[in-house]
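Chain nomenclature is as follows: A, B, C, D, E and F, assigned in order of appearance, with residue numbering initiated at 1 for each chain independently.
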Amino acid sequence: MNIQDSLITLWNSTGIANFIQPVDPSITSPFEQFLHQFGSPIMLLVCLFLLWLGIKKQFEPLLLVPIAFGGFLSNIPVADIAGPNGFLGIIYEAGIHKGLFPLIIFMGVGAMTDFGPLIANPKTALLGGAAQFGIFGALLLALCVFGFTLPQAGAIGIIGGADGPTSIYVTSKLAPELLGAIAVAAYSYMALVPVIQPPIMKLLTTKKERVIEMEQLRAVSKREKIVFPLVVLTLCVIFLPDACPLIGALTFGNLCKECGVVERLSDTMQNALINIVTIFLGLSVGSKLSADQFLTTQTLFILILGILAFSFATAAGVIFGKIMNKFSKTPINPLIGAAGVSAVPMAARVANKVGLEYNPNNYLLMHAMGPNVAGVIGSGVAAGVLLALCN
Amino acid sequence: MNLELLEQGLIAMFIGMGVVLAFLVILIGAMGVMSNVVGYLNKIFPEVVAVPTKSKPSSAAKQDEQIAIAIAAVMARV
Amino acid sequence: MNIQDSLITLWNSTGIANFIQPVDPSITSPFEQFLHQFGSPIMLLVCLFLLWLGIKKQFEPLLLVPIAFGGFLSNIPVADIAGPNGFLGIIYEAGIHKGLFPLIIFMGVGAMTDFGPLIANPKTALLGGAAQFGIFGALLLALCVFGFTLPQAGAIGIIGGADGPTSIYVTSKLAPELLGAIAVAAYSYMALVPVIQPPIMKLLTTKKERVIEMEQLRAVSKREKIVFPLVVLTLCVIFLPDACPLIGALTFGNLCKECGVVERLSDTMQNALINIVTIFLGLSVGSKLSADQFLTTQTLFILILGILAFSFATAAGVIFGKIMNKFSKTPINPLIGAAGVSAVPMAARVANKVGLEYNPNNYLLMHAMGPNVAGVIGSGVAAGVLLALCN
Amino acid sequence: MNLELLEQGLIAMFIGMGVVLAFLVILIGAMGVMSNVVGYLNKIFPEVVAVPTKSKPSSAAKQDEQIAIAIAAVMARV
Amino acid sequence: MNIQDSLITLWNSTGIANFIQPVDPSITSPFEQFLHQFGSPIMLLVCLFLLWLGIKKQFEPLLLVPIAFGGFLSNIPVADIAGPNGFLGIIYEAGIHKGLFPLIIFMGVGAMTDFGPLIANPKTALLGGAAQFGIFGALLLALCVFGFTLPQAGAIGIIGGADGPTSIYVTSKLAPELLGAIAVAAYSYMALVPVIQPPIMKLLTTKKERVIEMEQLRAVSKREKIVFPLVVLTLCVIFLPDACPLIGALTFGNLCKECGVVERLSDTMQNALINIVTIFLGLSVGSKLSADQFLTTQTLFILILGILAFSFATAAGVIFGKIMNKFSKTPINPLIGAAGVSAVPMAARVANKVGLEYNPNNYLLMHAMGPNVAGVIGSGVAAGVLLALCN
Amino acid sequence: MNLELLEQGLIAMFIGMGVVLAFLVILIGAMGVMSNVVGYLNKIFPEVVAVPTKSKPSSAAKQDEQIAIAIAAVMARV
C-alpha cells in the first residue's frame, strides 16, 4: 500500500466517483440509459421531496419521514445499505418479507380503535364494504388498461383500502418489487384524504342529503365490545382464513384494549411497540425505493391508479349511502359513506367537516366512525380475497 | 385491452366485492345476535360483571393498604 | 381462470370447507378418528374457554389472554399461522425455541423482585427449597404412573415450580411437544393458588400454629441487596452451571434494580421490555395448542399432575415449616411454608390472608415473601438439575 | 409400574431435592457471611457509599442549575 | 441410570469440576498454560472488578454493568452462554455481528443531541476534527510499535473517537476478536474523561488562554436545525459512503427530533428503544470477554493504547484550539478544544469546569458543545475512512 | 519497527486526518450556506412555517373540542 494507491482506493469509494453509473451498452432506450446512469441521485432528490411532504406538508409524517429517510439511505452509492448485508436489508428481510411488522402495527391499530360506533349502528358496516369497490376498480384498471400482472394489480388495488399496514402486508406477499411505490402512494393519499374526498362527496350528493341529521347512537355495553372482536375473528375463520393473520392481529389488539384485564399489554401495543415497529417498518419500506424499481412508468401508473382507487372508494361509499338512505327507516347522511374508505380517523373527520359546512348543528363524527372502522375490517377481508385469488 | 384479462379482472371484482359485502352482511347479522344475547345476559347478570371486577382490586388495594400500615408500624419500631 | 374455478378456489380456501378433516383410513380408534376430524373446531372452543378464564375469571390474564388468542389463531384451518412460515411460527422459532423470551421475562422478574425479606431472614430459604418437592413428586408420578418419558416427566414436574418463564424455558428444551398443555396448566394453577392452597394449609396445621406471630424483620442495607444477586449467581456457577441462564437472567435484572446506577435499564426491563416479550411469548406459546398435541389423554394427565404438583409443593412447604418451627429459636409460622412454591406474590398473599383469618394482628406478608422469592431461586436450581439429568 | 422407572424417578427426586436443599443451605451460609462482611464494611465506611453517590448527582444538578442560569442570562441578552 | 452414574453426571456438570481446565500438553509457555487452566475463574474476577467499576465508581454504568455481567455469564464453565446456541451468542450474532445494535443506539444518540451550538458557531467543528488525531495516532502506534494488524490497529484507534457505538460498530467489522477489550477500554476511558483530560488541558494552555471569555452564541432557527442533519448526510453521501450507516443513523435520529412532526418516534428512540438495545448490546458485547481473547498481552496493549488515544485526542484538540485562537477574529478559549473528543456531554462539562476554575464567570459549556457534537460527526467520518482503508 | 508498516500507518493517518478535516471544512462551508439560505427563507416566509403548523393542530383541537361538547350533549340525553 502506498499513498497513491490508498488515495485511489478512497476516491473509488467516494460517492462522487460512483454517483453516475457508466453507460451500459446493452440498454438501447436513451431514457432508460439516462435512468440507469443517473438513477441514484434522482432518487435522493425524490426522497428529499418525500421528506419535505412529510415534514412540511405533514403527510402522515410518522410513516413518510422514516420511509423517505430509508429511501435516501438505500440510494447511497457504495454503502449498499439496502443490500442483503446492509442495515436496512437485514431489517426488511426479518420484518417485512416475513410479514411481522405490518401485523404488529395492526395489533396496535386494534388496541387504539373503538368499534363502539359500529356496534351501535351495525348497518353502517355496509358503507365500509361498499368503499372497498375502490380496491377492485383499481385492480381492474391495473390489469386491463395498465398491463400489470394479476398479483401486481391486486397489490395496487389494495391502496384503495386506505390502510397502510394492510397495503404493506399484501404487497410484500403479492408484489414486493412494487412495495416502495405502493407504500408511498398509500400513505400520501391517506394524507390527502381531506383534499381528495370533499369534491367527490359534494358532486355526488344533493344539499338536502348533506344536511340530514342522524339519530344519536345508543350506548354500547362493555361486554359487547369484548365479544365483538371475537365475533369478527370467528366469521373470518369460517369464511376467509386467508385474512386471519391481519384480522387476527387487529382483533387481538382490540380484545386486549376492551377486556380491561391486560392494560399493561394494551398500553405497550399502543405506544412503545407500535412506535418501535413503525420506525423499522418505515425505514425498511424505504429500502425498496431503489431507482430501478421506482423510476419507472409503473410508479407513475401506480400513483394514477392510487388516486383513482381513493376516488372510486369515496364515490362508492357515498353512492351506497344514498341508496341506504332511500331504504332505511332511520335517516342516513350519505356523507358518512365516504368514511368507509378507512384512513381512520381522517376520513371520518372529513365527513364531519363537510357535514358541518352545510348544517352547523350536524355532528356526523360518531356516525362516520362506524363505516370508518368497518372499512378497516372490509379492507382486511378484501386483502384476504386478494391473497387467496391472486397468489 | 385483452378480453381474457378483462374477464379475470371482472371475476376478481365480483368475487371480491361479493365476499366483502357478504362478510359484512353476516357481520351485521352476528352483531344483532350478539347485542341481543349480551343484552339478555346483561339483564340476567346485571352488574355481576362490573362489581366483582371492581371490588376485587379495591379489596386487594384495601388489603395492601392494611399491609402497608402494618409494615409502616413495624418499620417505625425498627 | 373463469368464475366457476375462482369460486371453487375461494370455497376451498374457506374455513367451512376445511374445518372437518376427511376420514383418515389409517386411524383405527374411533375416538382418535373423531379428534382427527374435528380437532380444530374443538380447539377453537377450548381457546375461547381459556380466554374466558383469563378475562372473566382473571386467571393470570397477562399470559392467559395472549396464550389463548395465539391458540385460537393457530387452530384456524388453511391459514397455518403456527406453521414455519406463519406469523406465530416465526416468532416461536426465534423467541421460544432458542430460549430468549423466557429469559428476558426472567430479567424483568428479577428487576421487579425485592430479595430483602429473604436476606433479613435467610433460613426461610429452606421453605422455598422444601416446596420444590412438588416438582419431583410430580416427576415421579408422571414417569412411573402416567407413562411419560423422563424428559417429559421433568417438564411436567416443573409446573410445581409455579414459575411461568421457568416452566416454558425447561419445557422448550426437554419436551416442546407438551409446551401448550404445560404452559396452560402452569399459569392456570398459578391463578388458582388462592383456591388450591388454603385447604391444604389448614389441613396440615393446628390452630395454635396458625396464630404464631413472627419477629419483625431487620432492616437490610443497600449493599447487601447489591451483593446478594452476585452471591446467588456465584453459587450457581460453582454448583450448577446448567441453571445459569435462568438464574443469570434473574440476578442480572435484580442487580440492575438494586445497584441504583442504571435505573433507565431497570425501568425498561420492568415495563416496555417485559410487556413486549409477554405479548409475543404468550401468542407463540399458544401456537403449540394444536389439536393433535393438546387433545390427548396426555393433556388430561398433565392437568392432573399439575394440580398434584402444586398440592405436593404446598404440603411440603407447610410440613417443613412445622419442622423448622420445632427446631428454631425464633418462632416460625408454618403457613409461610406454603409461600415457598413461588407464584410471587400470590402465594405470599395467601399465607398472609390465612394467617389473618386466625389472628387479625398477624401480618405474615413480609415473612412469607422470604420463602416466596427463595422459591423462585429454588425452582431455577431445580430446573438446572432437570436440564442436566433429563436431557 | 416398572421398577426401573421407579428407580429412575426416585433417583431424580433424591438428587433433585438434594441439590436444591444443598444449594439453599449453602446460600443461607453465604448470606450469613455476606451480611457480616457487609455489616463490617458498613461500619468501616459508614456513609461513604451513600453520601458521595447522592452528592454527586446533586452537585451535578447544582452545576446544571448554574449553567441554566448562565444560559438564560445569555439568552436574555440575545 | 443408577444413582452413582447420575451423581457422576451431575458432578461432571458442576462448575467445580470444570473450573480448572486440564493441562494442555501442546502449550509450552507456562504462563499460557496457566491462563489456559485458570482462564475462566480469572475472567469471573475481572468481570466482578468491572461491575465494581460500573456500580461503585459509576464508570458509564449503563454500558459497563451489562458488559461486565455479560462477561461473567459468558465465562461460566459448561453453560456455554456465549456459544452459538447460548442466549448471549444468539443475541450477539443477531445484533452485533450484523451491526444493528450500534446503529440503533446511534439513532437514539441522534435523537438526544442538539446540534444548535455547532450551527451557531460552525468553525468550532474544526476542533472536533482535530481531536480525531487520537484515532490515527493510536492506530500508528498499534501498527508499528505493538504489532497489531492494520484492521486491528484501526479498531483500536477508534477508541480515541470516544464514542461507544462507533467503536463497537467499527470493531465488529474490522476485528471482532478484540471487541471485548476495546469496548471495555472505550467505555472505561469515557468515564475517566474528567480524570484524563484536565492535566493535559492545563499543561498545554497558559492561564491567560484559560480565562478567555467567548462571545455568546446566536440563536439558531428551527429550520436550520431541521436542514442540518440532511446537510451532514448529503456531504457524507458525496464524500464517504462508507460512513453512511453510522452517520445515517445519527442524522435520522436527529431529524426525527428536530422536525417536530414525529415526536412519538423520537421519544421512543430516546427511551424504550435505546434502553432495550443498550441492555442487549451490553450483555452481548460482554460475551466477547472470554479468557482466551481477553487475558492476553494484546488487551494490556489495548488499554495502554486507549489511554494514549484519549490523551492524543485531548492534546490535539487543545493545540488546535490555541492555533485557531491566534487566527480567529472572535476569541476562542482553547479549553473547548478538549471537548472535540466527543464523550458527549462529559468532555464539554470538563471544559466548562476547568474554565470556571480560572474564571468564575466563564461558562464555556455551550461553546464546548459545538466541538463536542462535531466530534461525534468527526469520529463517524473517521470510522468511515477506517472501514474503507483497513478492511 | 518495520518501515513498511510505518509508511502504512502514516498513510492512514494523513488520509484519515485529511478526510476528517476536509469533511468538516466543507461542512463549515455548507453550514454557512445553509444559514444564509435559511435566513433568507425565514425572511421571505417569516412565520409562515410556524403559524399554519401551530394553527393546524389548534384548529383541529378546537374542532375536537366542539365534537367533544357535541358528544357530551348527546350522551347526556342518552
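The rule is short, and it goes like this: a residue touches a chain if its C-beta (ideal position, glycine included) is under 8 Å from a C-beta of that chain, and two chains touch if they have at least 3 such contacts.
Source: prediction; values computed, not measured.
Participant: Quick one: which chains contact chain C and chain D both?
Facilitator: Output, common partners of chain C and chain D: E.
Participant: What is the minimum number of touch steps required to go from chain B to chain E?
Facilitator: Contact-graph shortest path, chain B to chain E, evaluates to 2.
Participant: For the interfaces A-B and D-E, which has the higher count of C-beta pairs in contact?
Facilitator: Higher C-beta contact count between the two pairs: A-B.
Participant: Take the average of all CA coordinates in chain B, do the same for chain C, and state the distance between these two points in whole angstrom.
Facilitator: Here the centre of chain C sits 26 Å away from the centre of chain B.
Participant: With centres defined as the mean C-alpha position, give me the chain A-chain D separation in Å.
Facilitator: A distance of 49 Å separates the two centres.
Participant: Using Cα averages as centroids, what's the distance between chain B and chain D in whole Å?
Facilitator: Comparing mean C-alpha positions, chain D is 42 Å from chain B.
Participant: Two-or-more-chain contact residues of chain E, please, as numbers and ranges.
Facilitator: 6, 10, 58, 239-240, 260, 272, 385, 389
Participant: Chain D: which residues touch two or more other chains?
Facilitator: 8, 12, 15, 19, 49, 53
Participant: Pairwise, which chains touch?
Facilitator: Here the touching pairs of chains are A-B, A-C, A-E, A-F, B-C, C-D, C-E, D-E, E-F.
Participant: Applying the document's contact rule, which stretches of chain C touch chain B when the two form their complex?
Facilitator: 1-3, 6-7, 10, 56, 58, 216-219, 349, 352-353, 363, 365-366
Participant: Can you check the complex and tell me which residues of chain A touch chain E?
Facilitator: Touch residues, chain A against chain E: 6, 9-10, 13-16, 18-19, 44, 48, 51, 54-55, 58, 61-62, 65-66, 69, 72-73, 76-79, 81, 85-87, 90-91, 271-272, 275-276, 278-279, 283.
Participant: What part of chain D is in contact with chain C in the complex they form?
Facilitator: Going by the criterion above, the answer is residues 1-2, 5-6, 8-10, 12-13, 15-17, 19-28, 30-32, 34-35, 38-39, 41-42, 49-50, 53.
Participant: Which stretch or stretches of chain E touch chain F in the complex?
Facilitator: 118-119, 122-123, 125-126, 128-130, 132-133, 135-137, 139-140, 143-145, 150, 153-154, 221-224, 227-228, 231-232, 235-236, 239-240, 260, 374, 377-378, 381-382, 385-386, 389-390
Participant: Contact residues on chain E for chain A in the complex?
Facilitator: So the residues of chain E touching chain A come out as 98-100, 103, 107, 226, 230, 233-234, 237-242, 244-245, 248-249, 252, 255-256, 259-262, 264-265, 267-269, 272-273, 385, 388-389.
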